[in-house]
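Once you've had a glance at the structure underneath, I'll fire off some questions.
By written order: A, B, C and D. Residues from 1 in each chain.
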Amino acid sequence: MENSFGKLFTITSFGESHGRCVGVTIDGCPAGLPLTREDIQGEVDKRRAGASIASTSRVEADEVEILSGIFNGYTTGAPLCLLVWNRDVDSSEYEKIRFLPRPGHADYTALIKYGGFNDFRGGGRFSGRITATFVMAGAVAKKLLNLIGIEVLAHTIEIGGIKVETKRPDEIRRNVEKNPLRCADLKAAREMARLIERARKEGDSVGGAIEGIALNLPVGLGEPVFDTLEGDLAKALFAIPAVKGIEFGAGFSVAGKRGSENNDPFTIQDDKIVTTTNNAGGILGGISNGMPLVVRVAVKPTPSIAGSQLTVNLENRHSASLEVKGRHDACIVPRAVPVVAAMMAVTLCDFALRAGLLPRVIK
Amino acid sequence: MENSFGKLFTITSFGESHGRCVGVTIDGCPAGLPLTREDIQGEVDKRRAGASIASTSRVEADEVEILSGIFNGYTTGAPLCLLVWNRDVDSSEYEKIRFLPRPGHADYTALIKYGGFNDFRGGGRFSGRITATFVMAGAVAKKLLNLIGIEVLAHTIEIGGIKVETKRPDEIRRNVEKNPLRCADLKAAREMARLIERARKEGDSVGGAIEGIALNLPVGLGEPVFDTLEGDLAKALFAIPAVKGIEFGAGFSVAGKRGSENNDPFTIQDDKIVTTTNNAGGILGGISNGMPLVVRVAVKPTPSIAGSQLTVNLENRHSASLEVKGRHDACIVPRAVPVVAAMMAVTLCDFALRAGLLPRVIK
Amino acid sequence: MENSFGKLFTITSFGESHGRCVGVTIDGCPAGLPLTREDIQGEVDKRRAGASIASTSRVEADEVEILSGIFNGYTTGAPLCLLVWNRDVDSSEYEKIRFLPRPGHADYTALIKYGGFNDFRGGGRFSGRITATFVMAGAVAKKLLNLIGIEVLAHTIEIGGIKVETKRPDEIRRNVEKNPLRCADLKAAREMARLIERARKEGDSVGGAIEGIALNLPVGLGEPVFDTLEGDLAKALFAIPAVKGIEFGAGFSVAGKRGSENNDPFTIQDDKIVTTTNNAGGILGGISNGMPLVVRVAVKPTPSIAGSQLTVNLENRHSASLEVKGRHDACIVPRAVPVVAAMMAVTLCDFALRAGLLPRVIK
Amino acid sequence: MENSFGKLFTITSFGESHGRCVGVTIDGCPAGLPLTREDIQGEVDKRRAGASIASTSRVEADEVEILSGIFNGYTTGAPLCLLVWNRDVDSSEYEKIRFLPRPGHADYTALIKYGGFNDFRGGGRFSGRITATFVMAGAVAKKLLNLIGIEVLAHTIEIGGIKVETKRPDEIRRNVEKNPLRCADLKAAREMARLIERARKEGDSVGGAIEGIALNLPVGLGEPVFDTLEGDLAKALFAIPAVKGIEFGAGFSVAGKRGSENNDPFTIQDDKIVTTTNNAGGILGGISNGMPLVVRVAVKPTPSIAGSQLTVNLENRHSASLEVKGRHDACIVPRAVPVVAAMMAVTLCDFALRAGLLPRVIK
């Protein structure tokens, strides 16, 4: 396992879905950042079930505790340790299906890789609950990015085939927390809600897509040739369970484009060098070019569905049918929105430190 | 800059497009692998211009030299250093456009990030030529993977909107080197060739997409939660210039799918646990599940095009128009095919070492 | 700050002397290791004050809590998080001397480096208390090394100029926990005790030296040229506050030796290749040679002493005299003995994993 | 193997004693540093045989080649690749003793670790010749440190038991290159020369010690708790073959000291906070305190000696006697002096970048 991410702003995630807690250490946070429990709690609350439609019935209070790294209300330069305890845990269903790997889940690969010693309850380390640790780290990263004017937004752009109209950042900012789908297109949001409700009633689930945007980036974030801005963001975002695709700017549509159409011409606007289009999604040569960074993430439908599914009993290697009881989201896309923003913030914060754009001590 | 990749199988790339050479060191290669210059040359030759239609007129001999790490025909456990010299270099055009960043290129971001000290000739570190170093490393990785039966394939699946019919691995293996497009669908290949030729004549370029497949993977490659198989492959593949999107298995189509449709049911086949479909692209929970690993990569159209383009003169910050002379590919997709396979091999090799599936000494 | 150590067995330390807790995450521990709270508590208890003569009057219960990584009594492959809470904290003295850096302490450098935001209470991250996190990690590492027969010993070999007679491993094993000085030479131990007592009465402190020994190492641990066995052990041991020198085998005495005298001749003993002497301390070319690994560590006298000392007031930059009240050890050498063993175990465990000598899953 | 060192200023060493070359890549060097081949050659020349008394008769021209990373006389931000070719190679002696490991050398451990595939000629990767790559990297690091006023000195302080009188930095600077022993105490140097000559005639070798000093360090270099200034310097210095001990400031003598004696009192001098003594060797809490950094390194006698030695034939596992012919130094201490300075410079440069004290682009 590798549970650390980031070269200078390094987060280490720990904990399991049905263990005692999920937590994260953050090493490399500059000293002097004012930081309260509430700063982090606010972000964690967005990820909680119940905060969105279509959630699992497991509802955790998710009260953040800061175990280290803060003194007199400021970060100290020492590692932060943040956690939320697990309380509303019911593992009974999982014992029954221990050897019946759920299709689309990590049950099978985890059991084989860890020789059956993995904590399978609620998916253990592979549960979406682990992303609470990403969100805690992201809350700190966002505060740091805020110091240099960088803003990170994320919003739902597709659920079950229903796509949004393109929205401007101010609309996204204004609308995204107004509806449980975290969708800036309120009309599409209503349709998505109906679609999810229908899927839930049918014991099924739906997938979707999320767009992340970072505004006001300086030119120069990214450390090619291997630590490109795209590459590290993609790595960070693929750590979110259920993500199966990542694209930047024009993304996969470039396959059908010509260079004359895809190249973004440079021009001067308000005495700043900009491009007239943004097919590059704000990144050239793996380095931010000052335009909005635009990334889109494909999220598969929650694999936990109510209906009967075909699987193999790993004890006797016979085919078996499986019905998952548990408590699950019919669509995890809305809950994944703050997680996308969090992992973007963590990655950008690391690059800002690497580029020397964030100080070691904040004054 | 960060020019190293891989935790146990670590490659470090160096060199510039118009410098003396491009090269790579490989640290962590097990001792005892039989390795000749020809093993590496064969792979490098595939990436060469002229090996494909639609290439630049710069044709390098690209003769591989092994500077270290081999003794009596075997790897020694010491770092390999492999390089190809640059010979057919003409930098005259680049001096003229030094302060006129080419749209879609890294010229602007590199100049700002490196304070104007970057070697801009031919794109310097941002040239596609750098991928020759990836291919050299990939040649070694492939030989290692071969020891445990893993095969990596890559092929062109789309150019300028023309898409291939799905092909089986044996067809890909058989057809891909038969045509300069590295396309297993020979009918589509002919259309692609015509499209590229047309674009070239019009001084334009076209994008496309490449599919990479890894066969015969064991269950267990990948080190979640952060070093997922998807995440590290994505990071490796985004190091290839022009890649703007990555997806695994069903990829972005999951956004429109239901869980009942997307989940891959488990079954037994030839006494082996398999899934009846492969929407997961061979990866569950960031770990290989034993099914074919399937990744698709979007490649943008070569930004170097013949026509006049809008840019900004970075000396006087006035708008300017730019005509790029140089020597360029009208479509780099076919030349990127072996590079995709190479970076996949490098990443899988690293994971195989991390999972203890490759020995430190080969006997 | 950099609070992680180890490439495959990676520990991340967090917490402060007077914060809520001190803790550690351990990533990369193989799955399937039976591990209880008691396994770790036993090691932590050795480091506790009161367990040795000459300790501070701060006595913490130091009850270990396991927050993650264990399921049904076995490690799972997921990261462990272990901590002990701080309870017996009295920070009143530290507020008074906040701007009066104590000679020999990190007060001055920490204040400058972290811009005054560091948690200075009790030394914060620079307190000896942080080594409780090393000992917790070491407890896990020792259990892993035990699986492949490796034993790590440490013992006091000098205090305030009083040196021990050389002792055999079985004597060390038998005697070291028999006296509060952790000294295998019981006669020397008595003298040391008297010396420490005298220093304490005079409000002073004494330094000393510790020897660490690892037995039954296989040939092949160490990853030169940079991750040598000496180099990584030295790095690990210099993380222990107060350590100012490290030597292996004949150590500094080699400066006065001839090659004919210092070279260890090879011979066969019990069908095993051994050396007739061990001036190399078990390491040749940065790699274990199968002989006992012998390292010695110089520990400076506790800088906290009762008498008046010269310092500078950092607020007004005037000279000042300082009397440290607080609660301190007159000699920390005995308490550092289990810490030396712990950091040796952590380092060797990492090398064993890197050399492929420990499995990913323990069966 | 692990042939990379440094987190932000990362060097990767490659090459073998009797291979084609020895070289190094340097990643993370800021752009804009003026750098010529001569800058590097000057440092490499110091390490050459013949530049000192008592050297091997193998004399390499050691002409430095810069393969990448320089453009128009300045570093570009891209990785540097520097190498020297091997020319004066005579491997005949080594074939004969392939299975007769030389006492004190890495022959035995390398053969076992790398399964007999290691390039044993001239010690391969374990030859002192590898340190030419350290010196090349050190030459670049020194130029960077020079920008912020940091100076690194090293000099011989002991050979075969003959110790120098303490010398001030200006004497060291003035005297060290005046004699082939790199000893600032010219009287001691003459005695050392006689001692080495005597050892050589007797077919023997002698050890010694080197002191490294870094002047004008800012307060704040070092990233505790694990990347302490002592720890990373020690790791860097143990990469030099033959080093068996490292100590800082008062070093091992602290074991016999009292706190009242060892603590360095703070005072104000020329409006700067200094300590009146420097037992800490310039480091408190793993962080530079602004005083001169002082480190001492024990170097064992060259293991290659002319006389007959006892060893074991690894083919038949019988005892055997060995006479090493080859070409060797009777004392490598003087040649190791520039290597100590080089590895200090590399380490300090990395810490200066990590502390934000060196810019990414030099203006």
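Definition applied: a contact is a pair of C-beta atoms (placed from the backbone, for glycine too) under 8 Å apart; a residue touches a chain by one contact, two chains touch by 3 or more.
Keep in mind that this is a model prediction, so the values were computed, not measured.
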Task = By the contact definition above, name the pair with the higher C-beta contact count: A-C or B-C.
result = A-C
Inquiry  = As a test of understanding: of all chains, whose mean C-alpha position lies farthest from that of chain C?
reply    = B
Mean-CA-position distance for chain D and chain C (Å) = 27
Interchain centroid distance [CA atoms averaged], chain B/chain C, Å = 46
Centre distance in Å when chain A and chain C are each reduced to the mean of their C-alpha atoms = 39
Remark   = Going by residue number, chain C touches two or more other chains at 1-4, 7, 13, 113, 125, 355, 360
Ask   = What does chain C use to touch chain B in their complex?
value = 7-8, 354-356, 359-360
Query = Considering the complex alone, what residue numbers of chain B touch chain A?
reply = 1-5, 7, 13, 101, 103-106, 108-110, 112-113, 125-126, 130, 158-161, 199, 204-209, 219-220, 222-228, 230-232, 234-239, 241, 243-268, 271, 273, 275-276, 279-281, 284-289, 298-305, 307, 309-312, 314, 317-319, 355
Inquiry  = Residue numbers of chain A touching chain C in their complex, please.
reply    = 1-4, 10, 12-16, 19-23, 25, 27-28, 31-32, 66-69, 71, 74-81, 83, 113-115, 117-119, 121, 124-125, 360-363
